[in-house]
Amino acid sequence: MKPRRRILGLGIFLLLVVTLSGWVLNSSAVAADAMAAFDDSIAAPHEVDIDTGDNAWILTSSALVLMMTGPGLALFYCGLVRKKNVLSVMMQCIFLMGVMAVVWAVLGYTLAFGGEEPWIGNLDYLLLNGVQGQWVEPSQLSQVQGDVHLIHCRGVDAVQVVPMAGSIPRLTHMLFQGMFFIITPALICGAFAERMKFSAMVLFMMLWGLLVYCPLCHWIWGGGCLTFGGEGAIAGGTLDFAGGAVVHISSGVSALICALLIGKRLGFGSEPMPPHNMTYTAIGAALLWVGWFGFNGGSALAANSLAASAFAVTHFGAAAGAIAWAGWEWILRGKPSVLGACSGLVAGLAGVTATTGYVQPIHGILIGALCASACYYACTVVKNKFGYDDSLDVFGVHGVSGIVGMTLVGVFATRAVTDPAVSGGQPLGLIEGGSIITGQLATVAIASVFSIAVTFVLLRILDTLIGLRVSEKEEIEGLDFSEHGEEGYILL
Amino acid sequence: MKKIEAIIRHFKLEDVKNALTEQGVQGMTVTEVRGFGRQKGHTEMYRGAEYQVDFVPKIKIEVVVPEQRLQTVLDTIIQSARTGEVGDGKIFVSDLAQSVRIRTGELGPEAL
Amino acid sequence: MKPRRRILGLGIFLLLVVTLSGWVLNSSAVAADAMAAFDDSIAAPHEVDIDTGDNAWILTSSALVLMMTGPGLALFYCGLVRKKNVLSVMMQCIFLMGVMAVVWAVLGYTLAFGGEEPWIGNLDYLLLNGVQGQWVEPSQLSQVQGDVHLIHCRGVDAVQVVPMAGSIPRLTHMLFQGMFFIITPALICGAFAERMKFSAMVLFMMLWGLLVYCPLCHWIWGGGCLTFGGEGAIAGGTLDFAGGAVVHISSGVSALICALLIGKRLGFGSEPMPPHNMTYTAIGAALLWVGWFGFNGGSALAANSLAASAFAVTHFGAAAGAIAWAGWEWILRGKPSVLGACSGLVAGLAGVTATTGYVQPIHGILIGALCASACYYACTVVKNKFGYDDSLDVFGVHGVSGIVGMTLVGVFATRAVTDPAVSGGQPLGLIEGGSIITGQLATVAIASVFSIAVTFVLLRILDTLIGLRVSEKEEIEGLDFSEHGEEGYILL
Amino acid sequence: MKPRRRILGLGIFLLLVVTLSGWVLNSSAVAADAMAAFDDSIAAPHEVDIDTGDNAWILTSSALVLMMTGPGLALFYCGLVRKKNVLSVMMQCIFLMGVMAVVWAVLGYTLAFGGEEPWIGNLDYLLLNGVQGQWVEPSQLSQVQGDVHLIHCRGVDAVQVVPMAGSIPRLTHMLFQGMFFIITPALICGAFAERMKFSAMVLFMMLWGLLVYCPLCHWIWGGGCLTFGGEGAIAGGTLDFAGGAVVHISSGVSALICALLIGKRLGFGSEPMPPHNMTYTAIGAALLWVGWFGFNGGSALAANSLAASAFAVTHFGAAAGAIAWAGWEWILRGKPSVLGACSGLVAGLAGVTATTGYVQPIHGILIGALCASACYYACTVVKNKFGYDDSLDVFGVHGVSGIVGMTLVGVFATRAVTDPAVSGGQPLGLIEGGSIITGQLATVAIASVFSIAVTFVLLRILDTLIGLRVSEKEEIEGLDFSEHGEEGYILL
Amino acid sequence: MKKIEAIIRHFKLEDVKNALTEQGVQGMTVTEVRGFGRQKGHTEMYRGAEYQVDFVPKIKIEVVVPEQRLQTVLDTIIQSARTGEVGDGKIFVSDLAQSVRIRTGELGPEAL
Amino acid sequence: MKKIEAIIRHFKLEDVKNALTEQGVQGMTVTEVRGFGRQKGHTEMYRGAEYQVDFVPKIKIEVVVPEQRLQTVLDTIIQSARTGEVGDGKIFVSDLAQSVRIRTGELGPEAL
């Protein structure tokens, strides 16, 4: 077993190294080619300025969103498992920060944001070409495509070309979006905590990112077939400000499939499996709240009034979620718990995510409370009824509130908040007489079915190839030692 | 010599220690344990999962005393550890064949 | 007892839900009314631009200030209690993040910043009306009050109206100030740690926020009767840059009243109650330092030179505080302790808070050292003399350094730093020949007396109604289980 | 022994207090003098505007960099030692945050950035004169030197003068650079963890900062003898964007000297000394990753495209580093470990630091992987061969990747990214046909030799004067109690 | 009375507790211990440092029983704690001189 | 068979374990305990609150040995655990009625 695994690891690793080195070293060449291939009809690059305030905010937001995965989610999740698996959960988060970042740079970003084809991005941004800076001779300048910022150099004709996305460098856009590509798969880890093989997890997530996340992201944000008001968009397209469908539905329903296919933890249902360190979970939840300001506020892609409004919806959604969940516990069980407040705030946050740029901050309170209440029901009643082991309630929290939140966009969205370039000044949500709710419901369905299907197929294939689960002995021993050879705490 | 093992409540440790010290006991050894008994544990609830904690945190005090002080020490412990509610704990007494002070090699009651 | 409590919780919760839903759903209507009620004499809205840099900085600062409460303060405090109460302290912080945020949106902001009446804000901003965006028909545009930013929509006459506060959206202002409304009550929790009933705590804090914080905030920052240089301001008004009086004196002296009225912990003075996890306290202190940059630096409400200067004073105040407290320990006890350094840096930070926008950064060193020294004396000598159980030294640290800091503004404030629009180019502190110190001392007295009085009355009422303290049995068992049904660590 | 130590502490502390108070209180006077001494030939101050976006970003970055030391590095390091020394490591980080901040304000900044002499800064900025704001009468305005921003006051002739550094206040520049002055010495603490005397540590670090860091910083960043393209620069000067040499080589090689001179921990090699809390180490590593965005991204000193590019290189360097180190473990030992991933990401981050503003983001992947691989080799093979006890691998991680990173600047640096004002449009790295690599190698050599020499002398002197190491008894007992009188965890 | 001390595997605690409860045992005390024995520990690797963990986490259960129930209890423990692999643990039995219930002062088997 | 319980200093565990292993001892069980004795604890100071830590962290080693090896083992422990300063600890010896190896059901010295 050991040597087999070792060889496998070796194989993957070498593959990665070789491919990457090849690509990276070729990238300059590719860049030149790519440029030569540009359409001559475009006369001169379209110059735009960088807004330093916008750039400052989106860079800050990018840092905040990375912080959500590590240490935020890592703490939130690792506190909930048993002590013997604490490191395995942290490792999943931290290693995914590494792997998904590289996959994004190499292939993910271009699949999600390259061109505006309906189904999937093109390869224009492969290996960050056309994203990172270029040094361009005057003769080739006319071939530079898209919005750019030009930095001239005294006494030299050639010019530094900075590809732009709105008022910020495209690199900033790529970074910010890349942080979503990390946290979304990391969320899924909660479903199969304490039993999935690390190697299978890594492979699954790489593929899931490219085959589930990138298409969804392209459809909804990258100019694809669900773009709101886009020509030929399905059901008129959808409003999903910061990832109700792209992030939470996709990860939530995939998590459910994982939980079902990978099976329950040994002893689930018979043995107690209480959180080993609720203080970590609480710290993690607080960090998620803070980081989510970047997640949602940054999704305005500028430091404008929309960012402020999205920030406010986020804040009130989290607040109301915490009160609602802990409140239900207080009423139904007599005691509000820390885990309740933390689960509720995360549910509130996940729930408002889709809505943040479209609804009034004061409505954030209602939306957050509704989402958290739905999740409370899902995690306490529904889950117990069906008996699946979605260990850290990824579906119960993210899946459910993603669905509820996406739906509520159709109710509460208002042109008083929404970017007029998006709303076109037309009424949006039911409350102001709009009818975007059909597009919202269609998107919920599409995102769910698509994620379920691809996840199912991926897991089946990986199960056949390398197996998804550690051995029974390893599971009893704990993944910290069996998968990583370490111990979490040596406090004696 | 007798070895006394007393399982007591956590928050009674200070009291028992002080009472024993007053009785001239010069040494004891304390261990964190978890007890199962008539005093039922409690139910914790984490999201949907209810979970029964059967084991209650307790303190085990071990004191070795010369035969003649056994009764005094027992009485002292009983008095200082009692609250009168279920879960106050037990005292177990057993014989000791030998005791040694590592530092000096002294044996028997001298070693205590 | 249990059913009684349950019913109570239920009552409160339902009340909250009902009130909120009512209010929230009515808010659009209210908005229209409010607008209709505007004075016709105002011809057209006063347009201002958003400065994206300023907005970016204040949004970032808001995130930092929330981070101060959770996880910052939560860690700082929870490390200092006994293990059996670790979660109860975290819960107080996290639940207050939820409750105070909602109270702020509904009522707090308007009481603090609505209009410039001398005693309390008006209800202009109730439920965030006039704070969040509006969609306004051209015919009603003339009725829009205050500074606004207008976002036009191609081909549509109506316009999106963004209420402004200086160069940032009013929403951003509301958010930033709202984070203060969370941390200030959270600070008080240290006084009654390990023994106060959770339900009583929640009710107390909601009322305290509305009845102590909002008035004080309005008087000093909201254009009320202590506005510096304001017409008819008491004693000429006061300079309190980021909350020496509004935050630290108010919470510090209230904490003392709490400690006195709620009484000592069982075993206080006889049993050892050492901090159960100094590493948490140290992490928390470091996060407080970092977050405080947003607290003080953000109080410039812009990313200008004043923000930089306030940031610098903060940094040096914290640094000097850490050195001073640990230094006194080193001299007087032979060993500098981690808790000493952490307490000192917090004392330094709390101390410079009032001064940050008015004094030279290099003077921050002196002010921080003085405040920390005063707090050291208060926490070691004074407290032991009087024997009250202000468990985590809220008064000893925040109260004392709030008072010392507010006073030192009168000594060190200088027009070389202060916004000229505030100083009017006149000398301020004693050192440069000014005489604002009378206003400073008056404010210290007013803020203290007011906070003490209201806190006293509130606690007495709550004590009669529902009781402030858990039962003896629950206190011995620990609040983690008795109030929340959970355990902090399961490390075995 | 005790009284001797106490007296010593007392002495140092008093010295500090006295000196500081004297200086601080004199500073206004000094300021006036300094101004009077200005050259009359300069006619009027050179006015520049503050870019609020740039200022927002650099203030945010400053906060992020402080967060790297505390709690970031504090957690990363303290998790790796034994439980009995956990607080001593935290204390080193937190106390250094205090001490180095004050030293920087008083003397450090001016030594590093005062004037452009080749060897060391002048005293223009002593005690923050010429850095913080000034209130200047019109008659003296002509004597104000350097770039400034002027804030006028209605109805008053005098003006508030804000010294500038580019588009940000000089105070912001001072703050940002001051955070580097904290983390660089803090890094060294890993070398002598679990055995160095706290008093000796404090003195050593103060001196090290002034005598090693300040000169290096001045040579490379402050206009000194290693300024890239500077007149008479050694070997043409060097490109070190965010501190490959200034921070990582300097701290890394000094750490090695510390480890050698202070000697091994008792029991090193015979007793197991496993990390007592890997969860802390992982949290710390994640926070370092997040904070490093400020470290490298902020080194652009603006929120421009260079900042975005540096941010991206940082991200991919960390990612690749984590994959590489954990990958080598996976291949060679069969299991990827959390410590491996964390060490790798830190090695990647340290490695790309020098390169971030000069290389393409996609190349960051390669550079990060190379640096982490070199560090893996250094920490596993080299270290075991030589048998020194660089306890937390400061040399193996920071020294090695600093050296590799600085060298790789010479390979990968490109004018497609580099600020054209620096590159002058000329090719830089080997790959694009440039030849800056000589300057890079020269700087590696100079920085190493200089740091080694000064560190060696400093330690020898301090050893003679007060001794570097705690007693054997204290070491066995643990530094938490013996040096600070505290315990890390009381979890029973 | 006899005192039974059983060193068992961590994850067998629930099983043993349930089995004993079914046999009518009403109390026991549990301690976290680390065991050294034929079951070898494992090797951990932190960066360059290899390190042998000789001690394996185990659970010690202490049950005091009246003489006549000794054999049943022993059999119950053996059955419920056995996996058949090295490291299943030991049971040690010793005589007890006395036992006291702190709450009531009851002595001997009554106190259990 | 005899049961030896030794209370020793924390940092002596490795030494004692190695010494015993050399003497052919194949198993032992180790517990974290806190000791109170002639070796006084220390005073910790948290802000204004002084607080006396009476209990010192110690290690308890339990080894069961056949009668005839008792003396060797005792000597080995005494030698390897001694520093000569107050607080080196104690060794307590008691009789064991029975021992069982759970895996095999072996009894008596065979079970060790």
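Note that the chains take the letters A, B, C, D, E and F in the order they are written out, and that residue 1 is the start of every chain.
Methods note: a contact is a pair of C-beta atoms (placed from the backbone, for glycine too) under 8 Å apart; a residue touches a chain by one contact, two chains touch by 3 or more.
Every value quoted in this text rests on a predicted model; they were computed, and no experiment measured them.
Q: Could you tell me which chains make contact with subunit B and subunit D both?
A: Touches both subunit B and subunit D: A, C, E, F.
Q: By the touch criterion stated at the start, how many steps lie between subunit D and subunit E on the shortest route?
A: 1
Q: Which other chains touch subunit A while also touching subunit F?
A: Both-contact set = B, C, D, E.
Q: Which pair in D-F, C-F or B-C has the same interface as D-E, with over half of the contact pairs matching by residue number?
A: Selected from D-F, C-F or B-C as the counterpart of D-E: C-F.
Q: When I count C-beta pairs in contact, which pair ends up with more: C-F or B-C?
A: C-F
Q: How many angstrom lie between the CA centroids of subunit B and subunit E, rounded to a whole number?
A: 18
Q: When the C-alpha atoms of subunit A and subunit C are each averaged to a single point, how far apart are the two points in Å?
A: 33
Q: Whole-Å distance, subunit A centre to subunit B centre, using C-alpha means?
A: 54
Q: Which subunit F residues sit where two or more other chains touch them?
A: 31-32, 34, 44-46, 53, 94-95
Q: Return the residues of subunit A touching two or more other chains; collapse runs of consecutive numbers into ranges.
A: Touching at least two other chains: 51-54, 56-57, 60, 274-275, 303, 333, 337, 339, 485-487, 489, 491-492.
Q: Looking only at which chains touch which, which shape fits best: line, ring, star, complete or other?
A: Topology of the interface graph: other, matching no listed pattern.
Q: Please list each pair of chains that are touching.
A: A-B, A-C, A-D, A-E, B-C, B-E, B-F, C-D, C-F, D-E, D-F, E-F
Q: For subunit A, which residues count as touching subunit E in their complex?
A: 270-271, 476, 481, 485-487
Q: Which positions of subunit F touch subunit B when the two form their complex?
A: 2, 6-8, 31-38, 54-55, 58, 60, 74, 77-78, 81-95
Q: Which part of subunit D faces subunit C closely enough to touch in the complex?
A: 2, 5-6, 9-10, 13, 16-17, 20-21, 24-25, 27-28, 50-57, 59-60, 62-63, 66-67, 69-71, 74-75, 78, 86-87, 90-91, 93-95, 97-99, 101-102, 105, 127-128, 131-135, 149, 151-156, 158, 160, 162, 168-169, 171-172, 174-175, 178, 198, 280, 303, 483-492
Q: In their shared complex, at which residues does subunit C touch subunit D?
A: 51-54, 56-57, 60, 64, 83, 274-279, 282-283, 285-287, 289-290, 293-294, 297, 302-305, 307-309, 311-312, 315-316, 318-323, 326-327, 330-331, 333-339, 341-342, 344-345, 360-363, 365-366, 369, 414-417, 419-421, 423-425, 431, 489, 491
Q: For the complex, give me every residue of subunit E touching subunit A.
A: My answer: residues 11, 14, 42-46, 53.
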